[in-house]
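Both of the next two complexes hold chain A, though its partner changes from chain B to chain C.
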Partner chain A sequence: MTVAQSATKAIDAVEERPARHGLVRYAAAKAGGALLSIAMVIVATFFLFRLLPGDPVRALAQGRNMTPEQLDLERRRLGLDRSLPEQFVHFVNQTVQFDLGTSYEYKRPVLDLIGERIGSTLLLTGTALVMAVSLGIWQGARAGWKPGSRFDRFSTAISLVLWSVPTFWLGLLLLMVFAAGIGPIPGLFPTRGIESVDAPDGFAYVLDVAKHMVLPCLTMVAVVYAQYLLVMRSSVLDEVGQDYVTTARAKGLRDDEIRRKHAVPNALLPTVTLVFMRIGFIVGGAVTVEAIFSWPGLGQLFYEAIRVPDFTLMQGTFLLITVSVILMNTLADVVYHVLDPRVRSA
Partner chain B sequence: MGQALAGLAAFGMLAAGGVVGGALPAAQAADPATKVIRVGTTQAVDSMNPFLAVRLVTGSIHRWMYGFLTVPDSKTLQPSADLAESWTTSPDGLTWTFKIRAAKWSDGQPITAADAAWTFTKIMTDDGAKTGNGPAVENFASVTANGQDLTIKLKTPQASMLDNPVPILPKHVWEKVGDIAKYEADAYPAVTSGPYVAVEHKKDQYVKLQANPNYWRGRPKIDELQVIFYDNPAAAIVGLKKGDIDLIGRLSPPDFEALKGDENIVQWNTQGRRATYLQINHGATTSDDKPIGDGHPALKDQRVRQALHYAIDKQKLVDEVQNGLAVPADGSIVPPMYKDFFWQADGDQKVSYDVARANKILDDAGYKKGADGIRIMPDGSRKLQFRFSIHTDTPIEDKLAEYLTGWLKELGITLTTKRLDSSKFTEETGTTALFDIAISGWSVNPDPEEVLATHLCSRRPTASGEGGGTESFYCDPQYEQLYLQQLKELDRSKRADLIKQMEQRLYTDAPVIALYYPNDLEGYRKDRIASITPIPEEKGLLYGGSGYWPFYTIEAVSADGADGSAEDGGSNTGVIVGVAAGVVVLAAAGFFVARRRKGVADERE
Partner chain C sequence: MSITWTRRQRALRRFWADFRTHRAGVVGLAILVVAVVLALAAPLFIDEGVTNVVRGTGEKLAPPSLDDPLGTDESGRSVLLLIWWGSRTSLLIGFLAALLSMVIGTVLGIAAGHFRGWIGAVIMRITDWFLVLPSLVTALVLAAILGGSTATIVIAIGVTSWPSTARLIRAQTLAVEARPYIERSTALGAGHWHITTRHVLPNVAPLLLASTTLEVASAIVTESTLAFLGVSANKTSWGTMLRGSYDWGAATSGAWWYILLPGLCIVIVVLAFTLCGRALETVLNPRLRGATR
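After this line comes the complex of A and B, so read on.
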C-alpha cells in the first residue's frame, strides 16, 4: 500500500466516522510513544542505579563476620561477578518477560515483594487522592468564581499553609494529638499500621482498617489538595469573563447554576490532566506518610532498597513507578482528546 | 459537587471507623483471660527462615522460638546448658561431643542429635543456607549424630564453640523443604523447641508467638507474645505512652527522655552491650600488605593517635552527646557489662583528658605549629588537617563532630566533617580506606570473639578490593598472636586474660579509640508487665540481650486488673468524641445534599 493510497483511505475513513477513527489513530500514536519511553526507561534504570555508591554485598554483610570467600559466594549468587554488559543483557531479557528478578536483601522475587505491598499502598494513596481531588476541585471552583471573596482568601490561604507544612511534621503532630491524645483530646486512632494485631472479621474488619486510615489519609490530603485547588481556581477564573458566561447570565440563570453547569465543566480540563498525572504517581505511594504511620506499603520497601542498595528491588520499584506514570500520562492525553473537541480539531 | 460528596462520604466512613474503633479499645484478644504482651520494634522482620534471617529483631524472635546448643547463663553470661545438657572436649580441642536433651518439639516429636546434625550440615553443605549463620560453621570439619550424642569435629581449636549462634531446627519438618534459599518458613504454627511458637506473621506489621506447652523448662507465664513493628521511633514512643505496645528497647537518648514523667512507664536504663569508638586510618593496607586509601600520613604515628586520645574529654561527650546516658570508656572495644572480659586502663597507662599533655606529645614528636597555628608534619610536607567521616542524618554524630573539631583545634589540628550515606560510609571506612578518622561501634556478644576478629590482618580487604569485614585495617603481630592463643585456650579465666591483653594492645596502639559505652535504654508499661528479668539478672538488658530469659520470665499484670478503669475511661471519651465527629460530618454531608437538591429544584422551576 502506498502512502497516497493509505492517506486517501484514511481520509475516506475520516469522512465516514471522523471522530472515532481520529481517536484510534491518535491513541495508537500515543501508545507507540509510550512504549518507546518505557524501553528507554528500562535502559536508563539499569545504568542509573549502577551509578549509586556502595557495594550491595558489603552493605548486606555489614556488622557480620564474613570471609572474602563468603563475600565472593554472595556475589556469584547475585550475579554481580559477571561483566556489566552481561548483567545488562540478562536484565533486559528478564524484564521483557515481566520478571523483575530476585531481591538481594529479601532473596525473593521482586514482583512478589511488590505484590504483597501494593494493595495497601493503593488503598491509602488512592483514597487520599480521591479526597484531595474532591476537596481541591470543590474549593477551587468556588474560590475562582468569586476571587477575592472571603471564602477565596480563606480557603486558598489554608491550603497553601498546609501545602508548605513538612509532611513528616504534620503527620507526627496528628499522631501525637489524635492517636496518643493530649489533654482533653482522647487517643482516638491507632498509632500504627493498617489493621489491629487482633483484627476482627467481616464488617468490623473494614471499620478497623478505616480507623487505621484516618490519620495517614488526613495527612496526605492536607498536604496535597492545594495543587488541585489552585489549578481549579485559576481555570475557573479564566472562565468567569467568558462570553458564554455573560450569555448565561443574560438568560437569567442563577449564578450557582452558571458556575456548576457551564464554567466548571470547561474549567475541569487542566485539572483532569493533573489528576491523571497524579494517578501515575500513586503507586509510588507516600514514603513519608507510610513511614510515620508504619503503613505496610511500598514506601518502606523503596526506602530499604535504596539504603542497601538492593539493585534488583530498586530497578523493579522504579520501573513500576515510571511505567505507571507513562501509562497514565498517555491515558490523560487520550482522555483529554475525548473531553475537549478543541484538541481534536487542532 | 458530586466529587465533593464522594469525598465527604469517604470522610464520613473514616469517621465512623473512629467511632466504632473508640468503642472497641485496643481490640484486645477475644478471651480477656489471655495474657498478651506486646513488644514494639523499629526493625521489620526480614525472614522467618533462620537460615536467611540476619536482623536483630529476627534473631531475637528465633531465640524465643528455638533451642540452641548452649545459652548464656542468666546471671554470669557464661555458656550454660540449653538443648545440649552437657558436653566434653577432646584434649586437642578439636572434637566436641554434646549430649542433646531428651525433650520434645512443639509438635510432640522427640528432639535428637540428628536434628542438630542436620541443621549444621545443611549450613555447611548448602550455599543457600549460609546467609544467616554461615561463619558459625566455617571451622566445622564434620558433624555426626548418634542417638542423643552430637559430635562436632573442628578444623582448628575454637574456644568460642559454646557461643554458637545457630538455632537448632526440627529435621522432620525442614528436610522436606526444597530450596532453602527461597523458603519463607511461613507454615504456622511453627515447630519449635524454645519457649514460644510463632503462629502468625504479617509482613512489615507483626509476629504473633504463643507459649509452647511442650517447652522443657516449663510453659512461659504469658500466653501470647506479639512483636509489633513501627516504622519510626517517635511513633513507637507514642504507641508505648498510649498503651498500644507494652515494651520497647534500643531507644536513643532523646526518645528515652520523652518517656519521662509518665507514671505508667518504667524507664529502663542500664549498662549496654555496645562500644562507640573512633576508627583511625593508621596507614591502611590490603590483605597482601599493600597500602590502600588516602589516610593522612601523620596518623601512622602512634604518638599522634595518642595525642588525639588525650585531647578527647569523654565525660563531656557522655554528658553532651549522650545526654549522660553512657559510660565514658577507659577501656577498649568490650563494654563493662561483660565483667569477665572487660579490661580497663589504670595507672600510667590510663589516658585522661589533658590538652597540655597532648600538645607536648605533638611538640616532642616534631609536629611544629605553622604561622596560622596549624601543625605541620616534621618533614614540612603537609599540614595536620584531618577529615572526620560520619553518617548523614545522625544528630548524635553531628554533635560529636562539633566537640572533636573544637578539641583538635586546641592541638593545632584542623578537623573537617564528612557526612556519608551508610553504604558509602561502609565502603570508604571498611574497604577503600578513603578516610582519616571515622565514627564506629560494635554490639558485643557474651563471647567477644566476633568483635576481636574484626581487627585481624585477615579481615583487611583483598588487593582486588574485596572487603573482609575489618573495623580498623589493623594488622599487628602481637594482636594476632594473642588472638590465636585465646582461640585455643579452653580455660575461661586464662582465655579472659589473653583477651584483656588484646584490648590493652588496642588501647595503647590506638588504631581505634573507645569513646563511651552507650547505656541500654528501654521503656515498658508497669500497668501491663508485672515483672521481667533482665539478662544478666543484675543490671542487664530486656530486649536485644542474648538468650530468651527476659521474655521467658516475663509476667503480665493479671487481666482483670489491667483492663480496668483507665482504658474504659479512654474508650468512653473516645466514643463521645467519635460520635460528635461523626455527627458533624454527617450534618455537613446532609447540608450539601440538601443544597444540591435545592439546586435541582431551582432548575426545574
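After this line comes the complex of A and C, so read on.
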C-alpha cells in the first residue's frame, strides 16, 4: 500500500464510520468482526500449511539423516497419518486451547518459545513506534502548515527517500558504520543481541540493553516515521484553508497557537487511524530488523523458523502475529470511537 | 471512430503537458527508462555466466579497482556485472507482482463497487481481512511454503498487496456509477459486462496507472526483502546479493562496496518509481490536484 492510498483510506475510514450506533453496539459489532477474521485466519493457516508441495516430512528431513522409522514417527507426531477432516478438527481444537504444537527445532512447545521472546519484541517495537509517531506527527504538522517552505521540501524529500529504502539495507548500513566501524569512525554500538555476554546488574544492565537497542530502534524509526510524516502533512494541509483557522487568525491568535491548538488536533484523526491500521507493516519491519540485529524477539523466532524450516514453529508464530494484529486493529477502532467526538455525538 | 481517436490523442497530449511540469516525475521517468533499457540490453553484452561462482576471476572481496570498477564479492565475481544481471530479476518480479496485484485488485474492486448487495459485502469483507494481515509476514510464509521460484515470489507479493487497490478502485467505481450516463446506459439495456468494461474500467484506468507505478516500487522492495530473508531461490537479484554480503560478514569486514551498491540501486529505482507515480497521481487524480504541491 502506498502512502497516498493509505492516507485516502484513513480519511475514508473516518467518513464511513457508522455514527448512529451506541458504543456498546459498536464494540460488539467490531468484536464479532474480529472473531470472524480470527476464524478465517485459523482456517486459512490450516490449509496454507497443508499446501506444502510433496511430503512435508520429507521436506523437513531434507539435509538430515533420518531412517524410514524416524520419518514415520515424525509423520505420526504431526498427525499426517489421519484424514484431512480429522486433522482439521484436531488443529482447530488445539489452536483454540492455545496449544500451538511442539517446535521441531527446539523440541519445546511453541507457546513457551513465544512467551520467552515476546517481551523483547514489545520493548523494541514499542519504543520505535512511540518515537516514530511523535517525530512523524511533529515534523508532518510543521511541514504541512507552511507548504512549499524550505522545511516542507526538506521533510518531503527525506521521507520519500526513507520510504524507498528497504528496511534491511538501512540496517546493514547502520551495522557497517556504527557497529563495525568504518575508516576513522570506531564501532560505537554492539552488532547483535539484546545484552552483553557479561551483562552487569541493576541500572548498568538497563544501560547495556539500551545500548544494544540503539541501532535496531533507529532502523525501525527511520523507515516507519516517513509515512506518518506524509500523512500528517497532507491532513494538516487540508486544515490550513478551513474557516475556523481564518477565524482564529482574525481573533489575533499567534500562528503557532493556531497550529498547535486548532489545526493539529483536527488533523490528528486520520493519522492516528493510520498508525493502528498499519500495525501489520510495523510487524513486518520488526521481523527484518530483529533478523539483522539478532534481537531475540518474536520476529527472529519467526525468521529462524523460516530458515530451518520448522513448520510447526512457523505456523504458531504466524498465527500469533496475525491474530494480535487483528486484535490491535479492533481495539484501535473501538478506542477511536470513544476518542472522536464527531463520531460519538452524531 | 476518428472523433474518439482525436479526443484521446488530445487528452494524451494534455496529460503529457501536465506531467512535464512535474520535474521530479520527469526525472523519475528518465531514470526508469534508462534502468529498463539497461536490463533489457544486458544479454547483448553479458550472459548468466557472470553469476557463476566458479568463473569468478577477480580476487575475493576486492575493493573497487580498474579491473572490477565496483569491487568483487566473496567468490571473486564482479559486483558491477552482478548488479547489472540482477536488475533483470528485480525489475521483472517488480513488474509482474505489481501487475498481478493490480489485476486482482481491479477485478475485485470493480465487482465490489458494481454488485452492491451481498456479493459486494462479501468481497469487501475478504478485502478488509487481507488488508489487516501483515503483508510481509504472509508473503514470507507463502514463499517459504511454495518454494522460492520467480513465479511463487510474484504470487506471494501479488496475493498480499492487492487489497488497497481493490478499495481504491471500489470507491472510484461507486463514484462513476453514480453518474447519469450509467443510468442512461442501463435504460438502453446494457448488461453488467458492458457497464463495467466499457464505462467503469476506462474511468478507473488513469488512477490504476498511477497506483500500478507506486505498486511496482513497493513490490521491488518486498522482493529484495524476501530474498534477503532467504526465501527466494533466485541466484541473482539485488536482494540475494545483499543476503550474500550479510552472510559473508561484509559489514564487519569493511567491504562497503558489496553492501552499498546493490542497495543504492534498489533505492534509486524505487525512488524513481515513487516520484513517477506521485506525479501521475497528482496529474490524474482530481482530488489531489492543487492540494499537494
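Here is the rule we use: the second predicted complex is superposed on the first by the 301 of 346 C-alpha atoms of A that agree within 3 Å, B and C clash if a C-alpha of one lies under 4 Å from a C-alpha of the other, contacts with A are read in each partner's own complex, and residues count from 1 in each chain.
Please note the rule applied: a residue touches a chain if its C-beta (ideal position, glycine included) is under 8 Å from a C-beta of that chain, and two chains touch if they have at least 3 such contacts.
Bear in mind the structure is a predicted one, so any value in this text is a computation, not a measurement.
Engineer: First (chain B), second (chain C), both or neither: which does A:214 touch?
Structural biologist: first
Engineer: Looking at A:309 after the superposition, I want to know if it touches chain B, chain C, both of them or none. Which is it: first, second, both, neither?
Structural biologist: both
Engineer: Classify the contacts of A:281 with the two partner chains as first (chain B alone), second (chain C alone), both, or neither.
Structural biologist: So A:281 only meets chain C here.
Engineer: Counting residues of chain A in contact, which comes out ahead: chain B or chain C?
Structural biologist: B
Engineer: Could you look at A:131 and tell me whether it touches chain B, chain C, both or neither (first, second, both, neither)?
Structural biologist: First partner only, chain B.
Engineer: Please indicate which partner A:273 is in contact with in the superposed arrangement: first for chain B, second for chain C, both, or neither.
Structural biologist: The answer is neither, since A:273 touches no partner chain.
Engineer: Using the superposition on chain A described above, determine whether A:105 touches chain B (first), chain C (second), both, or neither.
Structural biologist: Touch partner of A:105: chain B, not chain C.
Engineer: Using the touch definition from the top, say if A:180 reaches chain B (first), chain C (second), both or neither.
Structural biologist: In the superposition, A:180 contacts both chain B and chain C.
Engineer: Under the stated touch criterion, which partner chain does A:296 make contact with: chain B (first), chain C (second), both, or neither?
Structural biologist: Only chain B is touched by A:296; chain C is not.
Engineer: In the superposed arrangement, does A:72 touch chain B (first), chain C (second), both or neither?
Structural biologist: In the superposed model, A:72 contacts chain B only, not chain C.
Engineer: Where on chain A do the contacts from chain B and from chain C line up?
Structural biologist: Comparing the two interfaces on chain A, one with chain B and one with chain C, the shared residues are 52-53, 172, 175-176, 179-180, 191, 291-292, 307, 309.
Engineer: Quick one: in the complex, what on chain B touches chain A?
Structural biologist: 1, 3-8, 10-11, 13-18, 20-22, 24, 26-30, 38, 44, 46-47, 52, 54, 127-128, 130-131, 134-135, 138, 181-182, 184, 202-206, 208, 226, 228-232, 234-236, 238-239, 241-242, 244, 287, 421-424, 426-427, 430-431, 442-443, 450, 453-454, 458, 462, 466-469, 570, 573-574, 577-578, 599, 602-603
Engineer: In their complex, what parts of chain A are in touch with chain C?
Structural biologist: 1-2, 4-6, 8-9, 12, 36-37, 40-41, 48-49, 51-53, 147-148, 160-161, 163-169, 172-173, 175-176, 179-180, 182, 191, 234, 237-238, 277, 279-281, 283-285, 287-288, 291-292, 302-303, 306-307, 309, 314, 318, 321-322, 325-326, 329
Engineer: Which residues, counting only chain A, touch chain B once they are in their complex?
Structural biologist: Per the touch definition, chain A meets chain B at residues 52-68, 70-74, 77, 105-108, 116-117, 127, 130-131, 133-135, 137-138, 172, 175-176, 179-181, 185-200, 204, 207-214, 217, 254, 256-257, 260, 290-296, 300, 307-309.
Engineer: Across the complex, what residues on chain C touch chain A?
Structural biologist: Touching chain A from chain C are residues 125, 129, 131-138, 140-142, 144-147, 161, 163-165, 167-168, 171, 211, 214-215, 217-218, 221, 224-225, 228-231, 239, 242, 245-246, 250-254, 256, 259-260, 263, 266-267, 270-271, 274-275, 277-278, 281, 287-288, 291-293.
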